[in-house]
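You will see two complexes here that share chain A, one where it goes with chain B and one where it goes with chain C.
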Partner chain A sequence: MKTGIGVFVAAFAALGASWAGFVLAPSLQLGGTKVTTVLNSTDEYPVQRPGEAALGLQVYRANGCAACHTQQVQQDGTAFEVVLTGAGKDPVTVSNLAAGLKLTGLTKEAADAAAKTIADAGGKTETHLSGTGADISRGWGSRHSVAVDFLYDAPVQPGSLRAGPDLTNIGARAADANWQLVHLYAPKAIVKDSTMPSFAYLFEVRAATGSAEALKLPAGFAAPAGFEVVPTPAARHLAAYLLSLHADAPLYEAPYSQLAKP
Partner chain B sequence: MNPIDNKSPAACSSEIDASLRVPLLALFGGAALWLVVGLVLGLLAGLKFHAPDLLGACPLMTYGRLAPAANDAVLYGFAIPAALGVILWIMSRLSGMPVALPIVPVVAANIWNVGVLVGIAGILIGESTGYPWLEFPRAAAVLLFAAFLLIAVSAAATFGWRRQRELFPAHWFLFAALLWFPWTYSSANLFLTAVHVPRGMVQAVIDWWFANNLLFVWLGLAGVGIAFYFLPKIGGRPLASSGYALFGFLTLMFFGSWVGIPVGAPVPAWLPTVSTVAAMLSIPPVIAIAIVSLRTACGAKVVCFGGPFCFLRFGLLSFFLGSMLYLITGCPRFGHLVQFTWYSVGQTQLTLLGFFVMVVLGGIYEILSKTSGLELPFPKLAKAHCYLAMLGVLLYAVPLVIGGVEQGIRLQNPAVPFADANAAALLWLRISSTGQILLILGSLLLALNIFVMTIKWKIALGKSLFAAVTAPLPVTEVKA
Partner chain C sequence: MSEDNQKNCRGNSPGEPTATRSSAPMWIIVATLALLFLGGVYFDHNSGWFNPRVYAPYHSVDQLEAYQPKSGAAAALAKGKGIYENVCGICHGADGMGKPGVAPPLAGSEWVMAKGYNRLAHIPLEGVNGAISVEGKDWTMAMAAMGAALPDDDLAAVLTYIRGSWGNKAGEVTGDEIKKLRADMGKNPAPATGDQLKAMPE
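Moving on, here comes the complex of A and B:
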């Protein structure tokens, strides 16, 4: 490093390499991401957000919601589960056998072995795959988030802090527009100790007109008598966006199989 | 490798200082104001966790807008322009030349401050871009980029016309920093706020790349460069082991610039894996820089109670701690644990406020009275600032780091309800708000010193102007 040129060349090479690696290469690889299909189905994934929800993404951005909420489900691993679906000709033996076996939280080999044992006794089984990890146990999603979940979003807002819960699947967890709007207007009306600030400025308190849009607020949070709380367009868009957050389809790169409801 | 410049005559250094008087007062004055603004916004944001509905009726004061506005006001409002002022001064002194094109940095300082104003106002009214650390809307980004280029041109010209041909370690770091920011800032803005934004997660990858290159590499290069100039200068002994400094410089650039993609990010697995490897490879340069700093600072017989040397020492210690806390998040297990917690907020503030701002403040207090030709109006308050800032950083950042680990452990245990994991962090957030108050008090003392000094300088300027105007004309001119 005896000359200015030497320093310049070293810095240029270092930054140029990093630029090529983390700006150019991901643009070429990920920038060409295409719509994929849901596992074992021909449904396309993801789908564009409907109009109001696409506008709501911008409300989410403008109010910095991503400062406290992530949209990334994390997954530690996968586990197999063997489910008895048919008892065959000797139901008592098969069910006793199944009761004595460990059928959840298995590896692939253990699941196959258990399935074979039951099949040898004449029973029928299905083997299911599910994700494991704290986020999945909390019910925030069934699988980890993948790049394609964010395909249509600009800006993408994966978030970096969980001062509030993960929102990857909030549209599935709370699929009710009034719930979303009430929660935005008065978070404490729904979660008693919520640290989320109220977004009352996205709502209008006006003389009651009996409008269908008026929020159904619990006692203690309702507007004074003769008044009603109605969402502004921004609040409606934000609620539509939150309802559209549902990135849970099983994919080739993030598989799981849904258990049939008994 | 001793930057103490024995060859140039004393008259020359006062000439250098005088050439930088207007540019530096412009840069430091604006920066001091933004530091106060940023820290106050940060305190308001922090208070939201104790009283969520405080100022809740006002959309400008919602947490999601205050928090990024506070971060950007400190980083873009104070840290970068103040560092550029110090860098200009160092470049001039090392070159043995008055600053080249002195009007350029003055113009740039004003453009920069307008840019920050547009950016902060933009975030508060909801025009943020939504990308962390790159929230300023496009108009502000263009102004900042132009202003940075102008100052970089002035610094490069000063360097090009230097009388001393020898290059010092401070040169390497500062020169690289001058190249680093325009490239990363323009590249990230072109990709993310241009017309054709790339699809999906590419945006997040580019933003992570930018944030790492700004908060780890750029702050490292510029901060360490400034420290490597002042440490030997104030300590009165040469920089220890320039071999280690060279090693640290090269490896920080080549490996540090690949860190930053969080473990478990929803992107192709090679990206976080590369970052993990790079994070481990970036530990040696941090240690090398720490060794150089330690060896240089320890032997120096400087008695400083709150003087610039104190700022520098605390800053370098925070550099080591903040960088190590950052790099160990590259370890998959630990990174997974603290990924979405207050840990990374605390670590970032330790690096930004504890390391970079402290080093720059040390530089400012060292050169302020030299460049203005006036004594510091309140030297005792400058020392008080040092103690307030040190205590403030410790109370602000350390609780967030500890609270973040606790929060992470609870988040990883699905048996603990989410609300409980969140509540665990509240106590730590309360302590950190105390730290923010101390930091604000300290920044007010800096602003007071700079503004009183500027006013005194303007009065002196006015007096000499008045004297020149009212002076009796020489007889020769009357006749003509």
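Moving on, here comes the complex of A and C:
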């Protein structure tokens, strides 16, 4: 075979190029990701998930949750808002001036110009940055997801299909263990038209013992009289994992203005 | 195969087209180079050059740096709170109430609430040694110059936080003011006593 060497070199080059693109380049780019700090703070980000929640990741994986739920918020753009914080020596002029200016939904240049106009008149302003996009206006998060959000997850569960809502911040949206457990046991008990399947096999229906663990179910979904629904360890771990999903801290690579809580 | 066919296959018959080498048309070369150039310009503007910190919708580190929300008192307070809790709060308490026998309170302290920041800023920069009176109580202090190692902006943020938290309502301190104060103090200043601090302008 005269062309054997040529075929080998061409095949090696094709496979090598795809390896370099899919494995080497991402590894060089993101392989060094490490714990960072929250913007304008010394708090570390991210924090390890607590023990039960770390186990819950494997339950999430085993039940194929990522087939219908994503954990990645998309951001399309940015918007600036200029807020008047002090009216200076001539409050009437400054507040009239500010009332006449467009102060929300600005670009960076427009926000800087508006802040300068007010500052020249003696007023004080603060400029707030927020993200824009469909996911953010749905309340799924305040910023786009970044690599460090997934630092402690193995394997990561970013998902690619949204039959259900994004879960990046479900732990903040529904920070109640009973809500999470009831929703897993009977999704329609909470969302009437939910298409989510029931994960009742993660629960045990047993003779009532008055256990504190028993689910508080709404009428129509409750266990028959004399029985109670209690979560198995797998359901508890999954609920703990869902409660730990909260990737919304402002970071250098994903900045937004978090209004201070003094 | 007949002899006639073989002859045709060799392409020897007159009138048959033959493959020759000819250069690609100039417009294809120009169009390819123009596309490469436009692609390069687009890449340069939007890729962030593979920087791991640049994600869409941002397209360069410079833009990301410019967009960081760092202006305003709210950002300074949040930054100051973080540093306070790591450095000062260990003795003075996260609530600014101090600890008996360890450190006097900062909440409502006349040293914090003074009109100017001068006396207050001297305390973390040079430390305190000896007697000092805080809110009518006498303390005997040996506080190291805890703030001497902090950058100007960080120390200013901490002082702004202390002066604006737990009911304290004194003004903001800027990094430039701390820089100037440091330059006036010179290197390795000695810890002050309460009386020495009192002798300074507010």
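In this text, the second predicted complex is superposed on the first by the 249 of 262 C-alpha atoms of A that agree within 3 Å, B and C clash if a C-alpha of one lies under 4 Å from a C-alpha of the other, contacts with A are read in each partner's own complex, and residues count from 1 in each chain.
In this text, a contact is a pair of C-beta atoms (placed from the backbone, for glycine too) under 8 Å apart; a residue touches a chain by one contact, two chains touch by 3 or more.
Please read these numbers as outputs of a predicted model, since none were measured by experiment.
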item: Contacts of A:78 with chain B and chain C, given as first, second, both or neither; value: second
item: Chain B or chain C, by number of chain A residues touched; value: B
item: First, second, both or neither for A:205, with chain B first and chain C second; value: neither
item: Touched partner set for A:66, first chain B, second chain C, both or neither; value: first
item: Contacts of A:47 with chain B and chain C, given as first, second, both or neither; value: neither
item: Chain B versus chain C as contact partner of A:39, first or second or both or neither; value: second
item: Partner chain(s) touched by A:128 [first = chain B, second = chain C, both, neither]; value: second
item: Which of chain B and chain C A:108 touches, first, second, both or neither; value: second
item: Touched partner set for A:252, first chain B, second chain C, both or neither; value: second
item: Contacts of A:119 with chain B and chain C, given as first, second, both or neither; value: neither
item: Common interface residues of chain A - those touching chain B in one complex and chain C in the other; value: 29-30, 32-33, 144, 146-147
item: Of all residues in chain B, those that touch chain A in their complex; value: 48-49, 52-53, 56-59, 62-65, 67-68, 123, 126-132, 159-160, 167, 171-172, 175-176, 179-180, 183-184, 187, 191-192, 197-206, 208-209, 213, 246, 249-250, 253-254, 257-258, 260-262, 264-268, 271, 274, 336, 339-342, 344-345, 411-414, 418-419, 422-423, 425-426
item: Partner chain C, residues of chain A touching it in the complex; value: 25, 29-30, 32-33, 39-43, 75-78, 85, 108, 125-129, 144, 146-147, 250, 252-260, 262
item: Of chain C, residues touching chain A in the complex; value: 50, 52-57, 64, 66-75, 77-79, 81-83, 85-86, 164-165
item: Complex contacts: residues of chain A adjacent to chain B; value: 1-4, 7-8, 10-15, 17-19, 21-23, 26-27, 29-33, 61-68, 70, 72, 74, 134, 137-138, 144-165, 187, 191, 193-201
